[in-house]
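Which chain is which? They are A, B, C, D, E, F and G, in the order written, and residues in each are numbered from 1.
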Amino acid sequence: MTGTALRIAGLTAVYLLTLTSLHPADVVVGAALSTALVAIGARARAAVRTRAAPASTPGRRPPPPLTRRLAGVPALVGGTLVDVVRGTWLTVGYCLTGRTQRSGLVAVPIDPSTTGSATAWAIRVGIAPDTVVVDVELDPGADDGHRGRMLLHVLDASAPDRVRAEVQDSYERRQREVFP
Amino acid sequence: MALLVPWAAGTLLIGLDGRRRSVMWLAVAALTATLAGLLAVAARVLPATAPPGAGHVVTGGWPAGVGIVLRADALGLSFALLAILVLLVVVATEAAAGSTSRTFPGLVLLLAAGLTGLFLTGDVFTFYVFFELSMTASYALTSFGNRPRQLRAALVFAAVNLFGSFVFLIAVAGTYRVTGALAMSQVADRIGEVDQNAALLIAVGFFVAFSVKLGLFPFHYWLPTVYTSASPGVAAILSGAVANIGAYGLLRLGGEVFTAQARFASTALVLLGIASILYGAVLAIARGDAAEMLAYSAIGQVGYVLVALGIGGPLGFTAAVLYSIVNGLNKTLLFLVTGLRGMLVAAAFAVGAFSVAGVPPAAGFIGKLTMFQAGVAAGSPALVVLLVLGSTLSLIYLFQVYQRDFWCENTTAGAAPATPLAGRLVVGALAAVVLAAGIWPEPLLALSQDAATVLVGGRR
Amino acid sequence: MAAAAKTRPEAALGKPSPDWSGWSACAIAVVGFGTCLAGWLTGGGRGSLPWAPSIGLELSFALDGLGALYALLATGIGAVVFAYGTCYLRLHLVHEHRPATERRRFWPWMVLFAVAMVGLATAQDLVLLFCFFDLTAVCSYFLIGFDRGEQHARTAALASLVVTVASAVALLVAAVVLRAEYGTFSVPELVARVEPGPVATTAAALLAVAALAKSAQVPLHFWLPRAMAAPTPVSAYLHSAAMVAAGVLVLGRVHPLLARSEAVLTGLLVVGLASIFVGGVLALGQDGLKQLLACSTISQYGYVVMLYGIGGPTANGAAGFYVLAHGIAKSALFMTAGAVTTATGEDRLSALGGFGRRAPVLAAAAGVAAATLAALPLTMGFFKDELFFRAAREAGPAVAVLAVLAAALTVAYIGRFWIRLFLGPAEPGTAHRAPARALVAPVVVLAAIALFGGVVAEPFARLAEAAGAVATAAPVSLSPSYHLDARAGNLMALAAYLLGGLLLFGARPTSAVARAVALAGDRLGPNRIYVGALRVLARCSAMLHDREVRDLRTSVAAVLIPAGLLTAVAFAATPTAGAYTTGRIDGLDWLILPLLGLAALAAIGAARSAARMAMVLALSVVGFALATIYALAAAPDVALVAVVVETMQTLVFLAALSRMPRPGRAAARPLGRWRDPLVGAVAGAATFAGVWGFLSQPTSAPGMSAEILRLTPVAHGADAVTVIVADFRGLDTLGEITVLLVAVVGVATLVRRGRLW
Amino acid sequence: MTAVPLVLGLIWVTLLLVAGGVVLIRARNALQRIIALDLLALVVVSLLALLSYARDVSYYLDAAVALALLSFVATVAAARYLDAGGPLR
Amino acid sequence: MRRDDVVVRGVARPLLDASVLVAAGLVVQGYAEVGDGFSAGMIVALAIALHYVGLGARRTEQALPLLRRAPALAIAGLALALGTGFFPVALGQPPLSHRPAPGAPVVTFGSLELATPILFDLGIFLLVVGLLTTLLHLLAGRIDESGPDGGPR
Amino acid sequence: MILAYAAGAAILFGVGSYLLLQRDLVRIVAGVMLISQSAVLTLIGSSLTRGQAPIAPEPGRPVSDPLPQALSLTALVIGLATVALLLALAHRVAVVFRSERRDALAANEVEHEQELSPERQRDQDETAGPPPRPGGSR
Amino acid sequence: MISLLLDVVGGGLLLLGLVLISVGVYGVLRLPDTYSQLHAQGLATGPGVIAVLASSVATENAATITSAVLAIAFLALTSPVAGHAIARAAHRTDREPGSRRSTSDG
């Protein structure tokens, strides 16, 4: 429910930003359009869900309340910014000097999760220039047991475990709060 | 306006399954309505008593040049009527035979919309848009069928004609640049002040575009493949309705807008036309395939139009318009007949063949008569001799095929399945129209003369 | 179908159904004859209706002397021949194992032909004349091709069509030339207006060409012997009395115009003489019955043409009489030939003989007809030659001598025909049945008329005088009669009989000469030229076509190069000095330059890239560069659409590529290595000249932009481009999105049989 | 903002665009081409943004928004073409 | 061989929603700002294309069942545009005369101007979205190997 | 600037023409696409006035000519439509021929021609009669 | 005062963005392997362009700034996905036996 409201609000904001207007009539129109879109999306998803077998994952945590999620946003954004700045610095250096020895692929195990969450994670990690998301596998049993896996290419792969730890830490500490 | 009917109907029919008989007949009805609408416009606009501004509309009620000028004059109306008639006949034949294609009726209607718009617009760029609409529908129509040759032909057709289209567009850009206008009447008013070099180069661009479309001699290489590979109905549409875009364009732009350039190049036009006549006729002689023979014949026949255009003046333009119309009818008839068998069909072919050769009382004879008038007016005996030669050759190539296809009893062509009566009747009716137009040529002549008057300057 | 055709005649044999269509045709002819006769006797008449006023065409007819003569000839002989045909056709179809229903393809053409002849005879408008002229040719075509299963019938039909129709065009051209000069198509008005001079000469020559071809005159005579492939009634009607007569009819009709040019008359004289001798000599050597008669026809119409060439009242009157007498006699002879052939199944003179014993009536009637042709006394034919000799004498001694020789030739070949056919021993091995009575009776009727005319020439002469009066545009008096004295006409006739007898009985050398002439004609003559020309045309056609198919058809270069050449010609034809400017570059324009460079570079890169993927991506660089240029050129709307279209295009390209088989490495073509870039360069250069040309010449007139910008707020908008797209030029937008619709429907047609979803 | 740095910026970005295009055309392999394509689209975004600042109008940014939103569709499609044999499969 | 790309799938839907609203903005302010029905339609169509690219045709059409109506949408769009354009003809005015008439006051609802050009643009928008979706469907789906439409006879 | 636009359009056109001549059908489509872009570029180059964008322009300063821009929009859309159709066509040819090379197509054409030669002979027979047999004369 | 501040901030961001983009282009041009090029590209398409867009604050034009915000939002969403898609393609084409050819141009 709250997710729906957020979605509507976000879409209305897109509309208003496009128009550069805060006119109440525009807000009404935008909200109406957004609601219609979200409703259509929800119906479609429901239709798909009833067709496919409902796959409720047993190990999933219940979503945190909205207030906590909103409160987590600044931390998330801030953390991401820090990552981006650090990554940018690293990459600039790399581009200008061209040292290539230490970059490499790192596989990070992640919890089975929703598509939305995984996407958010991939985007958040990927926006930092020093990391590129190569592959994301959600479905359990794909490669290693019951866990999903994210394959990253990082500039500094000299200590893969540290990379894994950092990524997982940021995931657990910051993202889980906002995107369960 | 008569433009809306096929457009809206085509839009709706695209969504329906054209293989159903009812949809085909709906298309027939829509085309009939279009024809009726055009006739109504003609009845309102053409009589000498009509008010001067009749048939002249600017979209949105804006000043001409800001809005698009639509005008129904004798020239446009005659070509539009012909095009719709041709499409109507072809669709009726197909409806009788039972179309196997889902999209055929819708495409034909949109083609009709494109052609109507093209013939009725007084704006150079809108001309381009409708031109492109008609051509795209034609590309889609030629891509029916699954034999390699058909597809190949469709591809060559599309590639070459798109080349022509974009040359046209570049010429439109040039027209705007040198005159600041897109409405044909304004362009015509201003083109006289334009530097000769630029004006002639733009005119050449238009000429190339239309020549490609018409399949004039050095630009014709795509044409035989396409006409031969397409189904008879589609070939009839292409040669009877679509090719006339080129003739109309040359007339409209060469006769009304780029008059000085056309006069400057008249010798070149006549020479190209004669080359086309002779080349088409000679190549049609030994083809072995009726459709291919007709294709080359088409190349030759458009040569006459070009010659008439090159001669210019009231007589030349009359001849060009008349010849285009008659040629459209002839080619439609003949191409349709190549797909059918039966006595009535044989008679229809003979009528068409006589018409092409200019033998009375088929309509072609009037065309030839006006051609000779133009030729004599041009004062060139050689020209007249070449015209005679061309028509003699046409007699030979048409009747050798006629005899082979309809007289020889042991031909492989005779194995074609019997044609439904309705189809044969439609063809017979078209043949009757061709005959009637020769026996009572006055309406056609009057229309062509009015059209020529439009070009020569007495705008109606 | 073929089997049915084979079996049905057997049924027809058992129970011959009466040929109602034939008899009704005959009835129509009789009624027509009656009407014409009545009309003529009541003083003729004329009438005119507007036909195509915008070019001055009129449906104008007049039953004057000339018209009456030919109309009566056409309907009268038509009635007799049609009666003959009802019987003949039945026998013919049975013999050919064809169904009786094929009559349907016969009688309508015969009747139409009769109608056309009457129309031709009475038409007073040159274009109308042309129409009927061609109509007779069309009828003739279908009638010659009646036995369509026979190859020689088909080629003969086509040859006659080509020769007569193509030459008839000369008539049309003459009409147009005269109208351009004198403003009318009407023959009487032209007769009144035309002055001697180059225009008159040209028109007269053209008219003569049309007429001569129709009358099978040398050198356009070759179609007539071939046309004998037609069933006999057709030959008897069209190729003796009617269609061939159409040519001389036209000569008579326009003779006042022809007479404006001495050269044309002389030409007629020469052609007529040539035809007389060529036709006569050929006739002497012919073996086929109908071929012999056909050659005779060529020769006989040579007389008429010669008479018209001589001109003047006597000759013109004589021409009319000659046509009449010849028509009657020749039809009878053709019908004789048909009767003989149906009875014997043989159509060669060498295989026939002594038929007179089997068919004495036929022999007698045919004898009268032959005598008429040979101009023996007591037949109508005597007067035809009498008049002919009179006119020849008027033209001078040389012509008179030639006239006697000509008449002798006629005596010889027609005598040979009759004697070989009816006298002498019967040829062994030829089935000799008596000819059907229905086939003999018409011959007898015509012979009777010929005899009647030989005794009472007056009515025929009156008709011929009237016809001559039309041709001369002055009164004509003929008054033919027998004079038992040694006047020049009689002496000439006697000389002709004598010479003819010599030729006839010195048969061996004569026929040897004739055969040599025929062979020479076959090797070198117009027929050979016609066939040879057709062959050469076909070869030419095949050659050109082969070149087209192998090299040009698959190449767009065939269109690009002429386009480039035309542009070059246009470029060269106009003054270029000062026409080109480079323009100014200011502000952000500087940024456009490197972007244009990038677009060009990327385009070249696309062309050079071996892999398709690389090509597609290079194309999208072009797209992005251009979009940026549009933005810099202050066209944000275009830039927006350009980027989205570019993205979509790349996507569509990739989607289509992924579905195609991956190509192997292309083997470099030796030709393509330099040709293709060259053609591209030509196209580019032409574009450069054109585009630079018009960009250098911006109009000084106020463009539309000021007006559009002024009206944009009026149309409630701020973005002029969108207002144009949605309002001012919304029709373009409608058209453009319909193009998109059609294109997608086309894609659906190609990949999903037209299913859109 | 003052004009001079913006104009300099515009010139610089244009040159970058050309450089990006050259990278794409002369790329060593297909992947590098795709990378260059994506880069190019975003250089165009920057250019549009600068143009917008320089002219002090917003509408060039509308095209930039569209590019930001959707230019990567072509990139993804091209990548798909390589790895899955077709962008729409 | 292909396996689903989670990340593309994850962004596809939000981007589609966002692009619809951007498009709506472009249509609404079409007369005042850059953009019109066509570019709006292209943007939405590209967002749909992302679905096709990321999810494949089958799953896209499952997830967005509305797409099945694309051809009808296109036809309705063209009909709407044609109707808007030619409706004035029935009233004796030239085609493409818009309401309110030139110079007359326009009722606005925020940035939305209640005038017929909006309908016209909407028609074009619908047509473009419908058509390009159909095109994607055609290019993505199973190709009928038995050949294209048989054509007339 | 004029010269630059002309040169740019000419190069695009020339390269497009070159591509039209290629044997690979996909390249033909690419050629058409380049030619269409050349036309759009020409349209933009034909603007009669240059200045600020024609969107709520400030009065008194020059404004770019809006008309060619509107025409370019139309031309761009038509270009997209035709390219899509051509690609489908090229694809269809590739599927049917199992080759998208043009020489295969030309060979096909020549083959078809040879199939027609008896028909041609018969056509000729209709006019000129059967060919003269050696030694046989009638 | 605020205007000046915004100018300074905007100018700084612009300079930063242009530098980042330039470095990114340089990197794509010079770096040897796909993954390295991807990092360089990410530099330009992520922080680089975002910085340029963010410099719109200096214009003080509401419409410009809102559009820039929108563009930044979308970029943040799409640019990592683009990089990811390319990386994935690189990874997969490399992993497939014998398919190295297809990476070097299709």
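Note that contacts are C-beta pairs under 8 Å (C-beta built on N, C-alpha and C of every residue); 3 or more make two chains touch, one makes a residue touch a chain.
Here's who's who by UniProt: A = Na+/H+ antiporter subunit E; B = Complex I subunit 5 family protein; C = Hydrogen gas-evolving membrane-bound hydrogenase subunit E; D = Monovalent cation/H+ antiporter complex subunit F; E = MnhB domain-containing protein; F = Sodium:proton antiporter; G = Monovalent cation/H(+) antiporter subunit G.
Since this is a predicted model, take the numbers as computed values, not measurements.
Think of the whole protein's Cα atoms as having one middle point; the chain whose own Cα middle lies nearest to it is B. Counted by C-beta pairs in contact, the busier of D-G and C-F is C-F. Averaged C-alpha coordinates give centres for chain E and chain G that are 30 Å from one another. With centres taken as mean Cα positions, chain G sits 55 Å from chain B.
We define each chain's centre as the mean of its Cα atoms; on that basis chain D and chain E are separated by 25 Å. Look at where the CA atoms of chain B average out and do the same for chain E: the two points lie 35 Å apart. The residues of chain A that reach two or more other chains are 14, 18, 20, 122-123, 133, listed in rising order. Contact of a single residue of chain C with at least two other chains is seen at positions 154, 158, 162, 534, 538, 542, 545, 553-556, 560, 611-614, 616, 636-637, 640-641, 644-645, 647-648, 651-652, 655-657, 659, 687, 691, 694-696, 698-699, 703-704, 708, 711, 715, 718-719, 725, 727-744, 746-751, 753-754, 756.
Each of the following residues of chain G touches two or more other chains: 24, 38, 63, 66-67, 70, 74, 77-79, 81, 83-85, 88, 90, 105-106. Touching chain E in their complex are the following residues of chain C: 636-637, 640-641, 644-645, 647-648, 651-652, 655-656, 659, 711, 714-719, 722-723, 725-727, 730-731, 733-734, 737-738, 740-741, 744, 747-754, 756-757. If you check the complex, the residues on chain F that touch chain D are 52-53, 55.
Within the complex formed with chain E, the residues of chain B that make contact are 1, 4, 7-8, 11-12, 14-15, 57-62, 67, 70, 94, 97, 99-104, 141, 143-146, 231-234, 339. Those residues of chain C lying in contact with chain B across their complex are 2, 51-55, 57, 127, 130-131, 134-135, 137-138, 145, 148-149, 154, 157-158, 161-162, 165-166, 169-170, 172-173, 176-177, 179-180, 534, 537-542, 544-545, 548, 552-556, 558-560, 562-563, 566-567, 569-571, 573-576, 579, 687, 689-691, 693-704, 707-708, 711, 715, 727-732, 734-736, 738-739, 741-743, 745-746, 748-750, 753-756. The touching residues of chain A, counted against chain G in their complex, run 14, 16-18, 20, 84, 88, 91-92, 94-96, 98, 100, 103, 105, 122-123, 125-130, 132-135, 151, 153, 155.
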